[in-house]
Every structure is written in C-alpha cells, then in structure tokens.
C-alpha cells in the first residue's frame, strides 16, 4: 500500500496572549492509503488540532505535511480549499448540517464546487444517500431527523464527491450506543469496500475497535500504537 | 450561479426578520420614489419651459401691470417670431377657496407663442370666434366635469364688472391637452377683449408678455433690445427667459429640493443602519455554518460573494417593491388636481436601482468581510 | 414573597446589563427612532413658526377692511370715498385730537433678492401714515429713523434685512423710475409686518399710479374684538362692497397656509416611523432570542411570565425614549430659531422662525413611545411565552 499522509517533524503551538502553548514538538507519522486510524487521548491532548492539520484547516508552526506526494502545509488558502474539496470529506461531532437546507441539498453542497451538471449532481446525491440508507429522507430538513440520521446525512455529504480521505472528529460523540455502532459500521464499510482512508478522533474505546489501528496521543506524543486485527 | 439557492435559503431562513428588514427598505424606497417623483413634477414647470420663449414683466415686480401699447412695440423688434400678452384674472369657481388658474389672453397670438397647448382645429376656430369662449385644461375639465358647450361662471378675486359683480360668464369651447405628459393643464384662458371691456379697474393694461425669439441664441440680444426700449419710461420692463422666470417663481416657496432631499436622506440613513445591522447579525449567527462551508472546500471569496449577493437581493427585492407601490401612490396623487402631474420616469427608476445596488453593497460589505476573514477553527469552536 | 415588581426589576436590570452585548443593534434602533422624531419635529416646528408669525400679526383691537371677495390685501382696493364713509362708522376709537383712529394703507409688491437662493422674490411694500404706526401696538424703530412724509424714503422690517439683499440702512433702492433711500429699520415683535417695506402712503400711490385709492383700511376699535358697528354700516350701504374682520381673525385663517406642511410632516414621519418600527421589532426579537436561555432559567426558578413580558417591554420603551429625546434635541439644536422666508398667503414673502414648542416636543416623544410600545409588545409576548424547557436545552 502507498503512503497517503506523511507528517515530518511537525511542530504546533498556539499563542494565547503572552502565553505560548506548545502541543506538538516533533510529531512524525505516516498514514497509508486505505488505512482506518482511530486517534484517542485525553481532552486537550491535541486530537482535534492534529485532525485539523491533516485536513488542511490548520497549519503546523513547523515541519511538513505531505499528502499523496504533495506538500500541503505551504499551500495558499485558496489552493487548500480546492485541495479539500477534491480530497477530503469531513464528519463532525454535531453533524454541522445547514439547518435551512434539506438532506439532499446538504449532501449536494460539496458538488457545487465541481463542474458537474445539476442532473449529475442529483444522481450523485441519490447514490450517496442510498449508501447511507437515507434515500427516502432526501426531502427532510435536519430538524426533522434524529441525531443518527443527521450524522448519516453528514457522511453522505462527506463521500458524495468521492474523496480519498475521510476525517471524523468524534463522529459518535453525540449518539447512543446502538446508533453509534450503526455509524461506525458504515465507516468501516466505506473503508473496506470503497477503500476510503479514514482518520477518526474518538473517546470511545468501543468505537476505536472498528478502526484498523489506534494512535494514543498524550501531551503531544504518541504513547503507544496498537494494531487491531 | 449554483450558489443562488443557498443565498436564497440563507435570506429566507428567518421569515420574520426578513419581512421586517424588507419592510424597512421598502418604506425607504417608497419615500424616495414618491418624493423624487414629486420634485420632478415641480421641476417639470422649469424643464418644460421653451428655450426660445421670454417673459416680459414690469421691472418693479411681475404683479405690476404694463400698458397694452407695449405689445405692438415689441412686435416691431427683429428676431421675434411671436408676441402675446396675458392678464392674471384671480379666478375661482363658486367658492373663493376653489381657485382656478385663469388668464385673459389674446387667443390668436397666444396659441402661436404657447404652441405646446393642443386644441383641435374646430375648438381653435370656435375659441377665436366666440368672444366669451373659454378654453379649459384637461385636468380642470376632469375635476369639474366641464365639457365643450357648457356655460360656466368664473369669479375674480381682483376684478369686478360695472354692476359690482365679480362673476363672468363663459362658454367652454375647447379642452386642451399638452404635448408633454407633465404639462400643466390645470388652467383656463379667455379673451382679453372680453376682459378688458367688462372690468372696471383701469383698462388697457396687461400683466405680462410672452415673446418667442427666432433662435435661443438671440435671447440675450432680444432681452436687451426690449428692456432698453422701455428704460426710463413709467413702466420699465424686465425680460427673462421663461426657464429663469419659472425657476425663480418656484424658489419663492423656498428650497424645496433641499427639504425633500433631506427627508430622503434621513429615510435611507435609517434603513442603512437597520439593514446593515441585521445583516451583520444574520451572518454572525451563521459563523459555524460558514466554517463548515470553508472546511468543505468553499473558498472564502465565494462565501464573500454569497453574503454580498444576499444583501443585494434583499435591497433589490424590497426596493423594487417600493417602486411598484410608488407607482400606485403616484396614480392616486395624480387624481388630486391641485398637485402637479407626477410621472415615475425611467430616470428615477434607474437611479433607484442604482441606489439599491449601492445599499446592498454597503449593508453587505461588513458581514461579507467578516465572513471572508472568518477562520475555520475559531468558527467551528465558537458554535 | 418575591413581588411582581421586584421580579420585573430584576429582569430589567438583567436586560440593561446585557445591553452592551447587543450594543450595535440597540444603537440602530435608537438612531432610527431619533431620525424619525427629528424629521417630524423639524416639519412641525416649521409650520408652528409660520403660524405663530401670522397669528402674532393680527391684533384683536384692530379691524381690517378689504374689498369684498379679495381674499388678500394685495387684491383689495378701497376708494378714498369708501374710506371716508367707513371712518364715520360706530365703534371706532378716537385719537387724542378727537379724530377717528384709522389708517388707510396700500399694499404692493416689489422685487427683492433672496439671500439664500439669489433669485428675485416678491417683497410687500406698504404705503402707510404715522397713524398706521400708532395704531399697531408693537411698532418700534430699532435703527435709523422714520421716513419723512412726502419724500422717497422707506423703512424696512427686521426680517427683510436678514433674508433679502439690497435693503440695508442707508442704501438706495430703485423701483421703476424712482429711487428710494432706506432710512430706518423697524420691528413689530416678530410678526409678518417685519417682512415688509414701509413708505409714505401718498408716495406709494404716486409710484404705482393708484390715484387716491387704497387697498386696506386699519381701524382701531373702541372695544377690542367688536366690529359689529362697522359691519352693520357696510352691509346697509350699497356703495360699500367691503368686508370687515378683526385683524386677528383675518390673519388666523392665513396662518393655516402651511397646514399642508403639518400633514406632510406627519405623513412622512409616520411612514418613516413604520420603517423604524421594523427596526425596533428586529432589535427586540433579537434581544429576546439572545436572552432566551436566561429568561427560561428565571422562569424555571419561579419568575412569572409577566416579569419576562414587562422586562422586555421596558427595554424597548427605554431605547425608543432615548431615541426620541436625542431626535428632539437634534431638531432643537439645528432647527429651532432657524429663520427663513417662504411665499405667504398674500403672494409675498413672509419671514418666519422655526419654533419648537413644548407641545411639539411632546408630540415627538409620543411618537417615539408609540414605536417603543409596539416594537416591544410582540417580542415581549414571545418572551413571556418562551417554554421553560429552553433553559435545559443546549443552545445551538
């Protein structure tokens, strides 16, 4: 398998007023194409920060982030946006659907960034919604759906433009066990059947079990890396 | 534009707020449309005045008379194509409060010098032949229901007849219209001869003269030759282009355009503040969503344009509605004969659309820049 | 027992404390209301100033006789004979030397240049005699002297001096062929007479070819307000086609000429007020929305929904009141005392001063209050009906 992500000597800190917070001092890691990585660790350990850097939403203070042979940490804002649109799908803890758009319209959003015709967009949206088993809810507004359903819409939105990479920040953090399992099975399916590379931040060890491997973060260091069979 | 749907959905997500903001904008454009149209109508008296027409009045003041002998003397001058004379009658119909703009005129020369008044050939002949004939403007005819063949009395609050009566009897022989939509047709004209022979306050005086020159370029020259001719007589004259005269006449009331302009400005200032604020607020509430859009790969510039499009759409939709209602209001106001004829002109409409665009840009620019600058991480953590 | 008033007080304090968070929105509402009130008061003070100038012109102890149906001094004509006949009517006061106390006057229009626009305007010129001065209560020469009868001298009202060019003291003025010199400035206590030029009646008759006729007759009444004797005489004498009125009645009707401005002012302010109302509603709905968690929490603790209602309503009224006062002050600072001239009912310029009276001020504040009341009522209603459960829900 080829390497999809490579983090080289990544340094990341925040300046808060006069105080400097250092989160990562020398982070190195690789993620291969088709991997499903769970990132765990205590609150404040930098999980979200790491995910943001992977997604090109946040930039490291030092070091390099490579994606598929392209260095992304030095891209301009506009190019990063284009890169995200082409390569990354995001799934958030609180779904972050547009409240004024129905399910189909929400899923369609990333396609607005492509050159696809309206007809084609419609078709792709249908496919994505079918995949998350929500084809019958296409016309429903987010407020008319349960948390699990909303998260499935969010997954559909993440995969509709067929990105290589899915980044999930506590995708099941707001859901009950059964619903969470349903979502996680879906992610697993996407990983196994559609070869999506998935990086998922979670607090839930049960959730981490769905991943191929788990990275533990503590005080900006990898503490341990375990492979799940 | 694919994002238009998104813009529209953003705009309409809070219907109550949308309604209130649109209403405020609508009100401002209603005020703008109505007042500007009104001002335009007042200015029409100036705009429609003929460039090649002069007004000759008594130098002391235009309410002072001139001797009728002056008419022939002016006619004898060169570069003049027509001279006519008019007397203000101080007319009213039945009730002194119902003033009717009435002039005693010399029909033949009057119709050549003021050729923007349109009469049919029959009406024209009828007027010339009937000494008690009165021609009535369309607006007045509509107001009082006068028609050709009616015999009506008009009173004067200045003049009286030998028997002490202030009422004159007239035959309505024609209803005139104007060549221009905004022409004043709320006036009546009758024979000077009839007036001169029946009134008792000193005959053979005229109020003022209307003079047509052969070329506007020669106006200055003609003005000089008229005023010089009567210099050092008991009745010195002051000759001015009709446009100047009409303008000064309106200026007597005061600086109307300043007052109207101030009101329009105040109205726009109010909505600028209201709409600007609610746009800022609306976009701030969407901080998280904008963050999500940016995460999905929407470029900041694109979101900037979306916010601006939203405020533009708001301004144009409510402004257009304001103009539409203006056109209804103008129709109603036009049924009041005392007011000048109001026309919602293309110029005003275009100008209004210009203001809408400007307003949309101004009210949208701050939230749009906010959205442009919005950092994804802060946006996502601030929800 | 936690009384309703202290509950409401608590909510009001809470609202006011949180105002800075909604600073811009609140300022927008205040500003909108203040502009509306300023516009209203500017128009009202304009027409009020005009009306009080004309009201102040008419005296109750002076009667004015004009040609019947003339409607304005300018259009009136009275022959010397008529003047003589009327002067014998009962009810006329007598001068110290036993003569009937009246003044036969001329009223003609001459050109002046308005300073503000530089255009020619109609200035009234009154032909008057010394009795005319004595007959009016408040005539006073403030500069120079009175014209000498039988000469081409004239005196100008204070208002003319301020608004029109060409009539400064010592200046020569030409009307037609004759030259006149300005020898004095007079005041009449702010009435419309101050917009006039005064000269010797006989000289004015000559200049304007009036022979021996006049335009109006002013009569000092033996008994203020009582013109019955004169009226009876006029009605019974077929030679007299005249009207008589007390001067105050005559000018009171003329002062209504700017009544249209009052309607216009109210009309435009109400329409603009609707716009401002939309702004106020927006502000208050936003205020309720942003405080919904707090309101619901207080309700959960046991505050009544009335307190939520009145708390919100008072915030709205407070904001509008501030706006109203600011608008009134702006209008007072910029409009009150502003002197200008317009075409009066006599087809001549009347100089007048904007006058913002306490009654008008009240009008402005009432309008502001109304906007605050309506603009606060509906959002307050929403606040009162906010489900308590909102307090326990995550704010999204």
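So that you can tell them apart, the chains are marked A, B and C in the order they are listed, and the count of residues begins at 1 in each.
Just so it is clear, a contact is a pair of C-beta atoms (placed from the backbone, for glycine too) under 8 Å apart; a residue touches a chain by one contact, two chains touch by 3 or more.
All figures in this text were calculated on a predicted structure; none of them were measured in a lab.
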Far-end chain from chain A, centres as C-alpha averages: C
Chain whose Cα mean lies nearest the overall Cα mean: B
Whole-Å gap separating chain B and chain C, where each centre is the average of the chain's CA atoms: 26
Distance between chain centroids, defined by C-alpha means - chain A, chain B (Å): 65
Distance from the mean Cα position of chain C to that of chain A, given in whole angstrom: 71
Junction residues of chain C - those touching two or more other chains: 396
For chain B, residues contacting two or more additional chains: 383
Residue numbers of chain A (touch at least two other chains): 94
Touching residues on chain B, where the partner in the complex is chain A: 2-3, 5-6, 9-10, 12-13, 288-289, 292-301, 376-377, 380, 383
Partner chain B, residues of chain C touching it in the complex: 24-25, 27-28, 31-32, 35-36, 38-39, 69-72, 74-75, 77, 108-111, 114, 116-117, 119-122, 175-177, 208-209, 241, 268, 271-272, 274-276, 278-279, 281-282, 285-286, 340-343, 347, 349, 396
Complex interface listing, chain B residues touching chain C: 16-17, 20-21, 23-24, 27-28, 30-31, 58-61, 63-64, 90, 96, 155, 157-158, 160, 164, 166, 201, 232-236, 238, 247-248, 251-255, 263, 266-267, 269-271, 273-274, 276-278, 280-281, 383
Of all residues in chain A, those that touch chain B in their complex: 52, 55, 57-58, 77-78, 81-86, 88, 90, 92, 94, 96, 98-101, 105, 109-110, 112-113, 157
